[in-house]
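Okay, structure first, notes after.
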Amino acid sequence: MNSAPIIAEQLARHFGEVKAVDGINLTVNQGEIFGFLGPNGAGKSTAVRMLTTLLRPTSGTARVAGFDVVKQADEVRRNIGVALQDSAIDPLMTGFELLELQAVLYGIPSNKMKQRAEDLLERVGLTAAADRRVSTYSGGMRRRLDLALSLIHAPVVLFLDEPTTGLDPMSRLTLWEEVRRLNREGTTVMLTTQYLEEADQLADRIAIIDHGRIVREGKPSDLKRTVGDPTLLINVSRQHSDAAKAVLARFGDMRPTAEGTLGVGLKGGAERVAEVVRALDEAKIVVEHLELNQPSLDDVFAEATGHRLEGADNAPQAG
Amino acid sequence: MSTTRSVGILATRSVRTIQRLPSAFFPALAMPIFNMVVFAGTFFAVTKIPNFPTDRSINWYMPLGIMMGSAFGGVGLGFTTIRDIQTGFYDRLRMAPTSRISLILGPLVGTLVRIALMTTLVIVIGIALGVRFTGGVLGVLCLYVSALGIATMGAGWGLGLAFKFKDMRGAAIMQLSIFLVMFLSSAQVPLDVMSGWLHAVARVNPATNILRLARVGLVNEANADHLSWNSVWGGVVAIVVMCALSLVFALRNLRKLSN
Amino acid sequence: MRRKPADVLRQFVALSRRSTLAIFRQPALVGPSLIFPLFFAALGSSSFSRAISLPGFPEVDSYLQFTLAGTVIQGVLFGSVTGAAALATDIEEGFFDRLLAAPTSRTSILFGRLAGSAVFGAMQALVFLLALLPFGVTVEAGVLGYVSIVVAGFVIAFAVGALMSVVALKTGSAEAVQGTFPVLFILLFLSSAFFPRETMSGAYRRVADFNPISYMVEGQRSLSLDGISLVAMSQTLVIPLTLAVLTTMLALRQLSVRLAAR
């Protein structure tokens, strides 16, 4: 029997007519950081809620840490840690009190509780703030406390749900560093995120979910290679738009881009840029801006789903 | 063992908010006191109706104030739970490997501590304003049992509705239903003083039995409702049955949260 | 800035229309202040049918007959919280600032809001009078009595609305306005709205003697039970009018404080 820490088979969840998760297969291996990507409403939160025993699947099965999420929910709970979104903390309690609550609920013996809480507070750098109410914490502090809460029982598998949404770049880096450290110590991590860079930086493997189905899965580097050619992005004035499109189409397949920009998957790569510019020049098209992008996860995403994820970046709410 | 600890820590969280958020606890204290004072004042003459069980209006309306406060305090747990569900804090609790029963009993115990505090305060103020217990310690005990009983009933009902609706619609139903159950009873006058439709409704309303139990230590010694096995058992049965039903309702809907 | 009276009138009418419609378009807000007083009247008629023969009660056929005036006043008091809460919501949501940014007359903003409450108050009074009619509850003073009670509903709602507007203007918070509800509740119960003052004693009696609500209720009650009299008419109409003048002055002052703070 497969002993991977997360295995989902034909896992599905329907809400009435809506197939939020439409039969996904997923394997996360021991010691991996697995990135789960998707736009809001794609089904990633629903999938994670099923894997973390909060929601019952409509059909299919999932095993987490070796236990069935429906039939052995309590064993699953004992072995997973889940960092939720930042509001899921009672603002009236102090950091230490929340850790204490969590410790009792996870059955940590009283004599070990205090030491464990203090170790975790130190680990996430909140020792000084331990006795302050959570309502006085900054966004970054809340996330770090949240991480500490999810680690109270030294879980085998850690779920991080949009761990850095709404954080400033510094706090984001600190959190990433902590996740890497946990992973080095042997914790398997499943990370949901809307940030492609986050997945690129952290994840050993990723899965992209769209409309309830997994549309791509693999190592980020492999996935990027499948998209192949780099994307040439060009801005021209509006009246030249159609003519430019016709010229670009000779050099490769057009790719979805932001409004007002044209993109083409440039066959043959960087050495052909000059050729493109000459062709545009011959067609009397004035180029306002030009850039060549090597394939990114965003390209993988666009190719897989037909739309781009970046830009939805500014919306901090969860999917 | 682990369930007991879970219940304890969840109860502690609930009690702690009294001190952390006193503005939320204050109305829960003020309402029963105001009810007691204004009802006793405005319906001062009601005790002069022949066969009225007591000749002190405040003896009659203090238990009503306490019972209303307890019932609304009980469903108040539903309110805070709706907030916890909406912020996601409740997901954290549900993901813990602790028994589902402790998720209900913990906050319930916390609520009961608050209700006991409220009851004590209202009794002290009531005595200062002229309440005289006729049933001794047993009578006072019956008042506490009724208050905690109706609070448990309200809490189970409130939790169940919170799990079912997960938003403020649940809160509206909680308040309205508790309001109706409390007033369509012997809240204002005893059964044999009422007439017409209310009598028919109040006679089968379990709240009437529980209110009688609350008042056994406060009515005149000669009255049939004074502390005796006959006046007590109906209320005790009503409390046991209603609490069991409402807690089962809460537990069932808690389990359905993951559906 | 001088404004033509005709413009001010048009603005006032437009704002009154808005506030009146706003009240009627929110059944969830309006419903309780119509239903609860009737519920309490029904409750009282069953609970206190034997209380009416107690010394201190006037000669009445039923408790319902006695409680008509109390029901009207209760409904109007609670209903007027709704209008003021709407004013506070306007402030919270910025609609108030939008009005102020327009060359709208400042007083018509306030009076337009209060007019909505007042119309609703008159309507409540009418609803209560009609709803209790099938149960044999009539107004002895005849048409003039009915009209007076409806007018009183209008004026009381205006007066209490103005008082609540002071809170709304001061705090700008609908929650704070709703928070005054218990105060009204207590004032009402410490009056003769439910039982006659003659049946009360001690401190309660003294508070009820001082409480203007007692006299408004007793004026309407006398119109309903005894018929027309100068005392009853003036209690029914003059006390609310006096209150309305006072509370309007307070509200206007608070409005100018708020405007000055901008």
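Worth pointing out:
All chains are identified by letter, namely A, B and C, in their written order; residue positions are counted from 1 within each chain.
Here is the rule we use: contacts are C-beta pairs under 8 Å (C-beta built on N, C-alpha and C of every residue); 3 or more make two chains touch, one makes a residue touch a chain.
Keep in mind it's a predicted model, so treat the numbers as computed, not measured.
Note on connectivity: the fewest chain-to-chain touch steps from chain A to chain C number 2. Located most centrally within the structure is B, per distance between chain CA means and the overall CA mean.
Each chain gets a centre from the mean of its Cα atoms; the one farthest from the centre of chain A is C. Between chain A and chain C, the centres computed from C-alpha atoms are 57 Å apart. The geometric centre of chain A is 47 Å away from that of chain B, both derived from CA atoms. If each chain is reduced to the centroid of its CA atoms, chain B and chain C end up 32 Å from each other. Shared contact sites, meaning residues of chain A that touch two or more other chains, are absent.
Residues 27, 30-31, 34, 38-39, 41-46, 48-50, 183-184, 188-189, 193-199 of chain B are the ones touching chain C in the complex. The residues of chain B lying in touch with chain A in their complex are 2, 5-6, 8-10, 13, 16-17, 20-21, 84, 87-89, 91-98, 258-259. Taken in their complex, chain A has these residues touching chain B: 52-56, 74-75, 77-78, 80, 82, 84-85, 87-90, 92-93, 97, 100-102, 104-107, 110, 133, 149. On the chain C side of its complex with chain B, the touching residues are 39, 42-51, 54-56, 182, 185-186, 189-191, 193-195, 199-201, 203-204, 207.
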